[in-house]
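Please read the structure below before turning to the comments.
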Amino acid sequence: MNLLEKYLTTRKLTENICQPLQTEDYVVQPIEDVSPPKWHLGHTTWFFETFILQANFNLYKDFDPNYNYVFNSYYETVGARVIRTDRGNLSRPTVMDVYKYRAYVDEAMVKFLACEPSEEVSNLLQLGINHEQQHQELLWYDIKYILGHNPLFPAYADENIESELKINVLNNEFSCIKAGVYEIGYNGDDFCFDNELGRHKVYINDFEISNSLVTNKDYLTFIEANGYQNFKYWHAEAWDWVNKQQIKAPLYWHLENGEWFRYGLSGLKPINLDEPVCHLSFYEAAAFASFMGMRLPTEFEWEVAASNFEWGKLWEWTESAYLPYPGFEKAPGAIGEYNGKFMVNQKVLRGASLATSPAHGRPTYRNFFHPHLRWMYSGLRLVK
Amino acid sequence: MNLLEKYLTTRKLTENICQPLQTEDYVVQPIEDVSPPKWHLGHTTWFFETFILQANFNLYKDFDPNYNYVFNSYYETVGARVIRTDRGNLSRPTVMDVYKYRAYVDEAMVKFLACEPSEEVSNLLQLGINHEQQHQELLWYDIKYILGHNPLFPAYADENIESELKINVLNNEFSCIKAGVYEIGYNGDDFCFDNELGRHKVYINDFEISNSLVTNKDYLTFIEANGYQNFKYWHAEAWDWVNKQQIKAPLYWHLENGEWFRYGLSGLKPINLDEPVCHLSFYEAAAFASFMGMRLPTEFEWEVAASNFEWGKLWEWTESAYLPYPGFEKAPGAIGEYNGKFMVNQKVLRGASLATSPAHGRPTYRNFFHPHLRWMYSGLRLVK
Amino acid sequence: MNLLEKYLTTRKLTENICQPLQTEDYVVQPIEDVSPPKWHLGHTTWFFETFILQANFNLYKDFDPNYNYVFNSYYETVGARVIRTDRGNLSRPTVMDVYKYRAYVDEAMVKFLACEPSEEVSNLLQLGINHEQQHQELLWYDIKYILGHNPLFPAYADENIESELKINVLNNEFSCIKAGVYEIGYNGDDFCFDNELGRHKVYINDFEISNSLVTNKDYLTFIEANGYQNFKYWHAEAWDWVNKQQIKAPLYWHLENGEWFRYGLSGLKPINLDEPVCHLSFYEAAAFASFMGMRLPTEFEWEVAASNFEWGKLWEWTESAYLPYPGFEKAPGAIGEYNGKFMVNQKVLRGASLATSPAHGRPTYRNFFHPHLRWMYSGLRLVK
Amino acid sequence: MNLLEKYLTTRKLTENICQPLQTEDYVVQPIEDVSPPKWHLGHTTWFFETFILQANFNLYKDFDPNYNYVFNSYYETVGARVIRTDRGNLSRPTVMDVYKYRAYVDEAMVKFLACEPSEEVSNLLQLGINHEQQHQELLWYDIKYILGHNPLFPAYADENIESELKINVLNNEFSCIKAGVYEIGYNGDDFCFDNELGRHKVYINDFEISNSLVTNKDYLTFIEANGYQNFKYWHAEAWDWVNKQQIKAPLYWHLENGEWFRYGLSGLKPINLDEPVCHLSFYEAAAFASFMGMRLPTEFEWEVAASNFEWGKLWEWTESAYLPYPGFEKAPGAIGEYNGKFMVNQKVLRGASLATSPAHGRPTYRNFFHPHLRWMYSGLRLVK
């Protein structure tokens, strides 16, 4: 698939994800971390308009100069932006206008890419496509949050599109990895993010890592042993979080008449005990590991062991903080803001989820979130 | 016009006010005080469903039992409700669903009112109609706020539907009122709110009241004399508000290249100096009066003097706190929550505005808002 | 007693109130409304230094020019000030230094007053004395709060200096007052505050007012009838306050093993049922009145009826908002900030308390607090 | 020195640090991170009382059972505690009482240690002594903060006890370290904290590390190049912090008439350009490194290189997140809460400061703070 095909396929997929939504669902922002779907549609388009068309295509005229203000996210280099908590207050541009904006930019991109782009533009296009794929994943998270926090619990789809979570559970067998110096980081020729680069050596001690993700059944033992009420399993600031936010179960879990339900994209359904537990914060993942007398893997252990087990259904919390690899360098200009500026106070997750673009399914991929967040498809695997 | 006709006319008008909106405009809640238009449409309908149909019409079946949870506002008697700051997070029910809800309830009301209602039900129906008329006015405020705080400054309508604000200015002449005991409160036979009842005597001193509202021109002298930077005109908590919120002009005013603009329903336009100044808080109204060496009228002075001047374009701040009249009594049940529970920390406004239902245009009408609010059509008149 | 004697007596009394304190008790500020006793000692001194000595006494040299910054409270005219919530962060000047500051200013005042002061200075001196007397009362409130919110519950004194609260309860008999026009406001020749001036006519309806304050016994019936859990007795914002602050009883009440105790200046003691109930907010006073099917008096009713009953043990909440009397005028300069700037969002209390200077015990005195506050000696009397 | 001597020396030193304080200085808590000196005196005593005397000495009687409630810090195992932000509201127990408490416990400790303690008790005693030494360092930070944020800028001492900060600057020469596998962690026989244990291998790449700390002169170039106004040097959340907190210079720096001063323990003095820059947050340290085109060392790089340069005047920020070493295990019981529960969202600092107990001056010591904090003696060293 050439780059233009990749571009068009990606753009189409984003719209397909939104297809079942009502206009109203595109607009709301129930919490700061969740962006309105309309914003994702516009922001990913703004990326191509700003970094490719405006910068490289003389014939290009802006769709609307105000859109830079509305759809810039965190690129300080490129001017003022709507602060994140305000995104849900914007009824305009309308959903229809945003789709027109997408079509307008796509048409210009097709014209522009009729001539072979320079290598620099190709790289930017690659980045823009990967950027939009990342927002596709965020769209899933945010749509689920918006529908799952509505008192009417509307379904996104009738069929259970999350059903593939019922993966094989392998009796919790562990793989043993031997101590030694291993190479970490991306070393292929395809696209990867800057934070994966700088392949380098890491010394790793002997460890054993579970071949299965922790299941709802496993996690219920923690809930039923009053794990959420016992400080000894929790980090100090996790314990504050549990108490201030009154956390008692994973996100989307609801206890009704003594039975546990969870909201999924097909609606509110009873918990399936054999599914891997999902929508946990790092705080909860670490507390559960402590309860089990085990721990989470580091991101290096995970990468070294990844060929031993199936992965890709849920992002897996690691113990590792999100830090630069040796030799990490920011790209110059706005693109340089992509990853490096987030390298403090966040935790690495490894693997991929059912909402992840297959193009991102590589064992060196470094996802990252603050340790209290859990609206993404996050689970865990134990190490001893 | 009989009650059923009044009902249907009122219901239709509410929908007409919303007619120019895009679906997205119905959904957002940019600040706590502003409700999504969708919510107003649903809440006014819920009032008739709950207090008339459910309570009195055996044949009535709920449109959707979850709607009580979504559209109850502050009636603690009638069950759980969506807290006010969450209204803007709800994408469902959709706008279309809410219009269906309205049609469903209207149809049931027509059937129910085919038989002559009891006096009690007639009174409730009167209250429901007046309640919806109050929400029509709030709809104007909230629509203006939603559009006027969007970075694209979309117009609600091309023509200047606020143009009637250009009222005659009468050279600031003052009417003199003589001291004495006056009767205050409603004493007609038509509908009025409980807070207007208990007609009672009040002793009033000699005073002079302006026949004109304060204009933009007048108010600019205050701005240009650095009134917003001089504590001596302000109440202590007003001064905190000015500084914390960085207030420098009335709401919707924007200074661009040294010229003042204001957002109105037809878009962003230069200030018209001859219009009465609008969208002021009580704090600003009182500071301006202090700057002029005058004061605001009490609500009793205003009521006594009202026959001397034109009123009805803008609500007029008074010095009076919103308190019960002698002999005020709460109605029993949920209806009793209508007015009395707000009688602390709010200020009375008298008159009416261009957004007010003509049915509410009586000189005994008591409107009330917290002293820092200014998204309603509020102006002022001076007394010396 | 001449003015100098009054001055010296007042100054001495302030220090006597603090005499039982430990150095540490002078320093802390557990909530924003409570000021450290050290600050009261300095601030009252600063008032005389700034408005009398610096302004009128050529020979006077500042004790320390930084003290204006530390001890100014809210006089915007007179320069920067330590914001209120920061007062409890200041360990310096030390308590000893503040006492030296007092002695220094007192000595200068004695010298300055050796010559007969002008009438203007006499008036300022009167105001300064009354100002310090007001702070004496605040000292009692703040000391009680500081000691009463310490987990060790230290006593201020062994003997029960609040014992005089055990006043005669007169079987709740009511005085009947006839409707008519009454004169309200101060009309004597002695000192009064600017907010009492402008004696004016008020029309009052027939009413009956209790000769007794509400007692702990009365108030317990409200608690035991779950009054704190029933929204119908409460204003809307009172109900928010009760729920957010988890209010379940008057301030200083503690339920231990089913028995009610209250912290008093002599320590934690069982509730005395015959005492008038104390340390209520306006919200609670109004809710209790609603529970009893009665109401609070207006400040005008209270003033008219005051000769019919004993008062002066507790401040009594009224229904009246704190507003200017007709003809109220601010004095020019910093003194003009004394009262007028607080005339919004506060409620009037009438009477006096056991902590009030006898010099303030006049029936026209207007005390005022925000409706949620209750660390002062506040009670209530019912009207029907 | 035997353990009892160490105990007594340590206890004495704590009191010596406080010796120049006024009683009032012991009481205040200007921000949440700063504890009142009184609290440190009590809390370190409570540690010995709770974990040694109550647990092991039959004859011991509590000094006051309420003190557990007042002086427990974060040991959830051992009962309720005064929440951290409330510490500054407590005027009792008085400073005198806290010194009596110290003397009482010291006397009991002397009696108890007359007999040779078990190994378990010896270990606890070691831990208690090290714990008190850590609080000695916090005392320096907190005293400096309390005095340095007082508008009178009182000096702690006349002589410049921070003068040893004027260390030799070695022309910014760099030491080169060769890549390879290194051993990290404590491997001696003396006391160390649990977080230093688990000596383990780490692979390190080639790097060069400065032999000197960054100086005030160096840092001024960053300020003067508008480094605090240029987002490109900052992490995303650092940039929020700079803007929300209006940060423009290191803590304790004041710009007066174009000249930089800094508050030190001997008062407000002009900046010395040759001193190492101090009182920086991690955010500032990382931004400065980015400005210089360099980076901070990891804690492993620092430990490997430490023999190449002088260290011990200031704690040095590293890039490393505070995480458990391989094989880290929490001790059972309350002691297990010592370090592990903080291993999220904090950064490691290495070295020691002029306020650190010499007993803590080992190259494996891991200090840790949140990245926005800067009231400790923190500086930085660059790596390229």
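Letters A, B, C and D mark the chains in the order given here, with residues in each chain numbered from 1 onward.
As a convention for this text, a contact is a pair of C-beta atoms (placed from the backbone, for glycine too) under 8 Å apart; a residue touches a chain by one contact, two chains touch by 3 or more.
Predicted model, so just to flag it, every value in this text is computed and none were measured.
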Worksheet item: What are the chains that subunit A and subunit B both touch?
Response: none
Worksheet item: Based on the averaged CA atom positions, which chain is farthest from subunit B?
Response: D
Discussion item. Counting only Cα atoms for the centres, state how far subunit A is from subunit C in Å.
Written reply: 57
Worksheet entry | Computed distance of Cα centres, subunit C from subunit B, in Å | 36
Worksheet item: Going by the touch rule set out above, which residues of subunit C reach two or more other chains?
Response: none
Fill in: Topology of the chain contact graph, where touching chains are joined (line, ring, star, complete, other)
ring
Response to the item:
Chains touch one another in the pairs A-B, A-D, B-C, C-D
Worksheet item: For the complex, which residues does subunit A have touching subunit B?
Response: 22-30, 38, 66, 69-70, 82, 86, 88-95, 146-147, 149-152, 154
Worksheet item: Where on subunit A does subunit D make contact in their complex?
Response: 74, 76-77, 179, 181, 200-203, 205, 231-232, 234-239, 282-283, 286, 295, 319-321, 323-324, 326-327, 336-337, 341-345, 347, 371
